[in-house]
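Order of writing sets the labels: A, B, C, D, E and F. Residues in every chain begin at 1.
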Amino acid sequence: MSVPKLTLTKVVAVALEEDVGRGDVTTEACVDAALTSSARVAARERLVFCGTEIAAEVFAQLDVRVRVEPHVADGAWLEKGAAALTLHGPARSLLHGERVMLNFAQRLSGIATMTRAFVDALPAGTRTRITDTRKTTPGLRALERYAVRCGGGHNHREDLAAAVLIKDNHVAASGGVTPASRRARARAAHTSKVLCEVDSMAQLAEALEAGADIVMLDNFADDQLPAAVKLVAGRALIEVSGRVSLERIPMIARAGIDVISVGALTHSARAVDLGLDWQ
Amino acid sequence: MSVPKLTLTKVVAVALEEDVGRGDVTTEACVDAALTSSARVAARERLVFCGTEIAAEVFAQLDVRVRVEPHVADGAWLEKGAAALTLHGPARSLLHGERVMLNFAQRLSGIATMTRAFVDALPAGTRTRITDTRKTTPGLRALERYAVRCGGGHNHREDLAAAVLIKDNHVAASGGVTPASRRARARAAHTSKVLCEVDSMAQLAEALEAGADIVMLDNFADDQLPAAVKLVAGRALIEVSGRVSLERIPMIARAGIDVISVGALTHSARAVDLGLDWQ
Amino acid sequence: MSVPKLTLTKVVAVALEEDVGRGDVTTEACVDAALTSSARVAARERLVFCGTEIAAEVFAQLDVRVRVEPHVADGAWLEKGAAALTLHGPARSLLHGERVMLNFAQRLSGIATMTRAFVDALPAGTRTRITDTRKTTPGLRALERYAVRCGGGHNHREDLAAAVLIKDNHVAASGGVTPASRRARARAAHTSKVLCEVDSMAQLAEALEAGADIVMLDNFADDQLPAAVKLVAGRALIEVSGRVSLERIPMIARAGIDVISVGALTHSARAVDLGLDWQ
Amino acid sequence: MSVPKLTLTKVVAVALEEDVGRGDVTTEACVDAALTSSARVAARERLVFCGTEIAAEVFAQLDVRVRVEPHVADGAWLEKGAAALTLHGPARSLLHGERVMLNFAQRLSGIATMTRAFVDALPAGTRTRITDTRKTTPGLRALERYAVRCGGGHNHREDLAAAVLIKDNHVAASGGVTPASRRARARAAHTSKVLCEVDSMAQLAEALEAGADIVMLDNFADDQLPAAVKLVAGRALIEVSGRVSLERIPMIARAGIDVISVGALTHSARAVDLGLDWQ
Amino acid sequence: MSVPKLTLTKVVAVALEEDVGRGDVTTEACVDAALTSSARVAARERLVFCGTEIAAEVFAQLDVRVRVEPHVADGAWLEKGAAALTLHGPARSLLHGERVMLNFAQRLSGIATMTRAFVDALPAGTRTRITDTRKTTPGLRALERYAVRCGGGHNHREDLAAAVLIKDNHVAASGGVTPASRRARARAAHTSKVLCEVDSMAQLAEALEAGADIVMLDNFADDQLPAAVKLVAGRALIEVSGRVSLERIPMIARAGIDVISVGALTHSARAVDLGLDWQ
Amino acid sequence: MSVPKLTLTKVVAVALEEDVGRGDVTTEACVDAALTSSARVAARERLVFCGTEIAAEVFAQLDVRVRVEPHVADGAWLEKGAAALTLHGPARSLLHGERVMLNFAQRLSGIATMTRAFVDALPAGTRTRITDTRKTTPGLRALERYAVRCGGGHNHREDLAAAVLIKDNHVAASGGVTPASRRARARAAHTSKVLCEVDSMAQLAEALEAGADIVMLDNFADDQLPAAVKLVAGRALIEVSGRVSLERIPMIARAGIDVISVGALTHSARAVDLGLDWQ
């Protein structure tokens, strides 16, 4: 469930370069090189934590002498005041990395916490999935997808090559859902699924006819969902997308939808409040 | 007021690699290479736009044949329904770059719009500045600082090398505000200002005595501000920081504070709603 | 059907760095900077050409003044002696790039030519696909996949994230095909297909029961195929893999197999003979 | 005799990025993180092995806990069924790196095995060298040169800066072998040798007159070689190039040629058959 | 006082790539892999040493088995014949890294030694600083700034973003020192100082009036300095720049100037003589 | 005679990143974006100019609208006050690139000017070469080698792979000049020359016997040179190295030495004085 190691290495290197690449003049002046210290990363509000692996990578790159001691696994609830992890090592290095580490952890924990709220809104017993979208922060997609998983969500396709997704523009350019589907199947690997976004019952019927593996109901009204589910009749997975609010989750799940994709998980989660308590 | 060109190039390259680095199988299958098209980037809510330069860079890297025609400058208000820019070029390339371009523009316009709200909350006639902090998205600092400027805000120090900022840990490690200041001045370039974070009137007095160029009042209560301003008496710039809400801005500005730094501008602005209208 | 632009740029840059990164002392000494020339990339044997896009990128990076004039599209048959493209420009730049361009074109045309032989071995009217595998040259996967497409083949999954492929080790570690499938479905995106490699009829039955989207018959004997196809009965795509020779292609296709994956296309195609004829 | 460390690091990083950069969804789902395993890299045919250093680098980058235990040195013959090395470590990491490691080892061992066949074709007692050319796989030159050395061969010049090599185009552009030589000597470092490709006895005489350090006989007929050797009379090294088959090696060596360069070693060696046996 | 770790890593990697990226054919041929050795980096003239951190990084990247034993700290005087550090490890690795390590150390020690001469020329009791400028070697700025600090000097602004420095062109383009100052203050962060270069007493008066934090007297004659100091009267720091020779240092310092910036420290220091003594 | 394009691109990118990567706050504040300007790069002392190609690359990367108009070719003498080139374009971009461009040009012109002095010290009619060494600035080797050529000098081997150079340590580790030579020949490409450093007539004799292509007389006294030349008798090129001063050049050349290598050309040339005159 972890972040791919090679990506993590690159993203953290960029972040450190950005903040401490040219040095930390205050710390080097005021803090003796020999001073060691400990500090706790603590929740200042209730939240789902996501940041242990990232913290470990931040300090591994800055100073191998820093030891990162986790108290919870990524994905766990943290009560207000509780500590996610404790850092031990040269005080200079802890200060060099503090902001970068918190910038990652606050943002990713914010995503995990918001995702958890959506997942917890699913009625007991449904098999509906909450997923992210491609509306992620440029450069941080792999990390944000990981945060969504930490919150109990699932991921959507990773990029434009990961599956076929036929949207209105593709339909228009190909002359209809059926020719678009046929062209896509002919070009895509046999290992790729074909998704088709539809905005009406007629389009839905055509997509099913064309053999879509997944149909995406775009901005369907609540009362259209049962008819859509009935029409599909198990021939494809059904996904609902388009500005889905937390309040609508139980209704959509109960209608028998397989997947609800929520762009806000990654584009609009606020950072949660984490701080560093020195000891 | 632009983003440094070299940074822009690198950040956009990473984002494109992430989303279209391995190709866009749907578009290549369904859309003919010879098809050209136009599309408008339009506001789906009222917002301050920030994204013209980024859009230009996204498409310059993807396909030099795409022409980006701006209708407003970055930093302008856009009414709901209005277009920020129009793209002209091969339909395939517009589709390849659509998501990456919108991911940037929605996020940065979100920051610009939130910043504008804080700036507009300043009473007429005050010279108080609203600034960002170092609580930016890892990898996107230069772009987010630009978005803050587009919203009428100002920037704080760019990184740990850009100025001296003495915090409680530095004070503790140096044996007090005065020795911390002296050590920092001795080490820092003469071109660097010295900022000192204080959490009490006593510390404020000591920081002024030590010759701080800027004093940062951390989590001071509203009714402490007048006394603090009086004590400083023009000897240093005064900055207020620490979870400042929009409601408190007029009061703080009227108290005579020079700078209000707001972390939420970059760590918790929600993405605003922008879409691509095909023509 | 092209190579992703960003990948092409990086791969060509590495190749040029390797061969001409430190200069071309002979050409700089012996050839005047002002001399211009033309040269034809010509086939010295019958082959399927793949190299026009790559040649264009090689010379775009070396010297924008070089003009690459294609005579055939990638994927076309070229008779012995025929020219694929003509280069026009400064003689120095043509000489600087000659070897790198030919190294790419000979290798990729070799893959395209071999793929074409496998595709042409399919009986008329079958819908069986010839595909590559992940046994590609390190660093050149995207280009080699493109070459396979130029030869009329299709691609398999791109990398370890592009689809679920359950092999014997995964089965052993999970306690069977069924639990492996369940764990994979739970973790993978709903947009991912699940492939299951099987080496017996019993395993095949279990994979179908577990809902595999694609079953891969690994080293099945020729006379086992009809029974396998009958057992599957359209519930999954059927792929045959494992050292498939050209001779066996018609038989396998006639048995009703959907996909034949051939590692040799990318790991053992010999370079075809292309040369540069100066004019 | 090893691969330069810095190059090895970069090439392996690219290969891992390509195959596992976005994760390995099957293994993460099906294999427990705590499971450890051992696996042998075994020859499925008789071959000269080349891959120990590469395997070590692959797993060092993926997971430092994997231990690579070599059973033979690079360059040794491996009988069918024998193991080249054993891997010990977390099963997940072994699965993540399996394909990349084999892709390198099969290709490089293929080159080493083919080179060994050419070297073993040299008559006992001759001092003739078998060398590679610059017809290497883009991006893998340093590794393929290493594989050639593992097979008992030698390397030719590394790139366009490594020595002067005057070909027909340089001769044409300079007005003859003599002026080309003079221009090259004047420009090249005194530490560079000058090679001159010749296609006739007349050109050979001129090259010797011009002081070439090495003369390259391009596509000379077998019966021309003795006269050429006699003409040179020890004044230069003599190299034979141009589609040299294995069968011609003994004859060429006996004629007294110093160097035979064989492009096929790197552009057309087939991958040999290596597999991973889990234990 | 150290070089930022991330920069050091990158600069050393480039230098090693440049010199040993393609291998060291002589050492690999002549020196057995098992041979270990020790060697002292020794001063062949009296100098201020700067190179311990760099040597450690060079060998850490080349071969972790090499141990770097420092005898003095960076910034210490080294008498002729004395050793700065001793290297222990595989003889091959010591030979691979010898030249790169010395190229760094000779150059940086040259800068440190020259800086020390300027600093030692300051009269006892003055608080004047000797600083570098932005006239550094492209790519090595962070290291050269460190060398200046090792020599007892201070640094000037790091780059074009680190502070505002108004020069004659900015004045001309803005319509005067006062408007240039106002525009700069409005745009720059409140954490940035404003420097103003002046070439006459009139400009100096205007700069002070405009509130410059630092005034830079460009090519002022010696006898103008007292009047300038008197005019400033503590309202700004005073810097003298422009081809300042060692001989003028005491006079300038005694005039009460705060900062003397010396471009020659980084653009024209000669390399000092360091060698490697094998043991 | 130019710098390899790919290297030039990378080196200039690093230099720009270092100085203007984060922006140029002063210029953006004070200079209108629409203002265009012209400026001459002028010599403030007599010098051999080297910087036209570099200036072109600096401004190509910063702003393609800047036009670089050269008045002399690299390598030409420039009298005090004369202009090497004129820049035309947006004033902002000229200011952004001014310092980086001058930092390159002053340093490289310094090398070219010093090299020219050594070359001009050669007596008329001798064929002795002045060359550089590997004692170059880390990261700038290709540019400094170019500057040496612009000054009329020649280059030595480029890096540790470019030729075999047997030094005392290699001799010691191999058991003598003869075995060192034999091992090196066996391992190195047949296209590599073998250089042997000798410090006595006895070693010189042994090196010749072993077939060295070039013998390097290390710190030989002036009166030893004629005997050395006599002993060599045309069997090898003779190089003199080791702290050679300008005064000794005529004598060494007259003794019949082929090559004089001078480390100071690249490690200790002072920057010459170039400035930008705005028009």
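The rule is simple: contacts are C-beta pairs under 8 Å (C-beta built on N, C-alpha and C of every residue); 3 or more make two chains touch, one makes a residue touch a chain.
These figures come from a predicted structure and were not determined experimentally.
Trainee: If you tally the C-beta contacts, which comes out ahead, B-E or A-D?
Mentor: Looking at contacts between chains, B-E has the larger number.
Trainee: Taking all residue numbers at the chain A/chain C interface, are over half used by both copies (same) or under half (different)?
Mentor: Same; most numbers are used by both chain A and chain C.
Trainee: Among the chains, which is located farthest from chain F on the basis of C-alpha centroids?
Mentor: Farthest by centroid: A.
Trainee: Could you work out how far chain C has to rotate to sit on chain D, using CA atoms and steps of 5 degrees?
Mentor: 180
Trainee: Averaged over CA atoms, how far is the centre of chain B from the centre of chain F? Could you give it in whole Å?
Mentor: Chain centres of chain B and chain F, defined by C-alpha means, are spaced 45 Å apart.
Trainee: Could you put a whole-Å number on the gap between the CA centroids of chain A and chain B?
Mentor: 23
Trainee: Indicate the whole-number Å distance between the mean C-alpha point of chain D and the mean C-alpha point of chain F.
Mentor: 33
Trainee: Indicate the residues of chain A shared as contacts by at least two other chains.
Mentor: 1, 4, 20-23, 28, 158, 161, 187, 192
Trainee: Going by the touch rule stated at the top, which chains touch which?
Mentor: Touching chain pairs, listed by label, come out as A-B, A-C, A-D, A-E, B-C, B-E, B-F, C-D, C-F, D-E, D-F, E-F.
Trainee: Which bits of chain A are touching chain E when the two form their complex?
Mentor: It comes out as residues 13, 16-17, 20-23, 28, 62-63.
Trainee: Sort out for me which residues of chain A touch chain C in the complex.
Mentor: It comes out as residues 1, 4, 129, 131, 154-158, 161-163, 187, 189-193, 195, 214, 237, 239, 258-259.
Trainee: Write out the stretch or stretches of chain E touching chain F in their complex.
Mentor: Listed in rising order, the residues of chain E that touch chain F are 11-12, 14-15, 18-32, 35, 91, 95-96, 99-100, 102-104, 106-107, 110, 134-141, 159-161, 163-167, 169-174, 180, 183-184, 186-188, 192, 264, 267-268, 270-271, 278.
Trainee: Hey, which residues of chain C end up touching chain B in the complex?
Mentor: Counting only chain C, the residues touching chain B are 1-2, 4-7, 142, 158.
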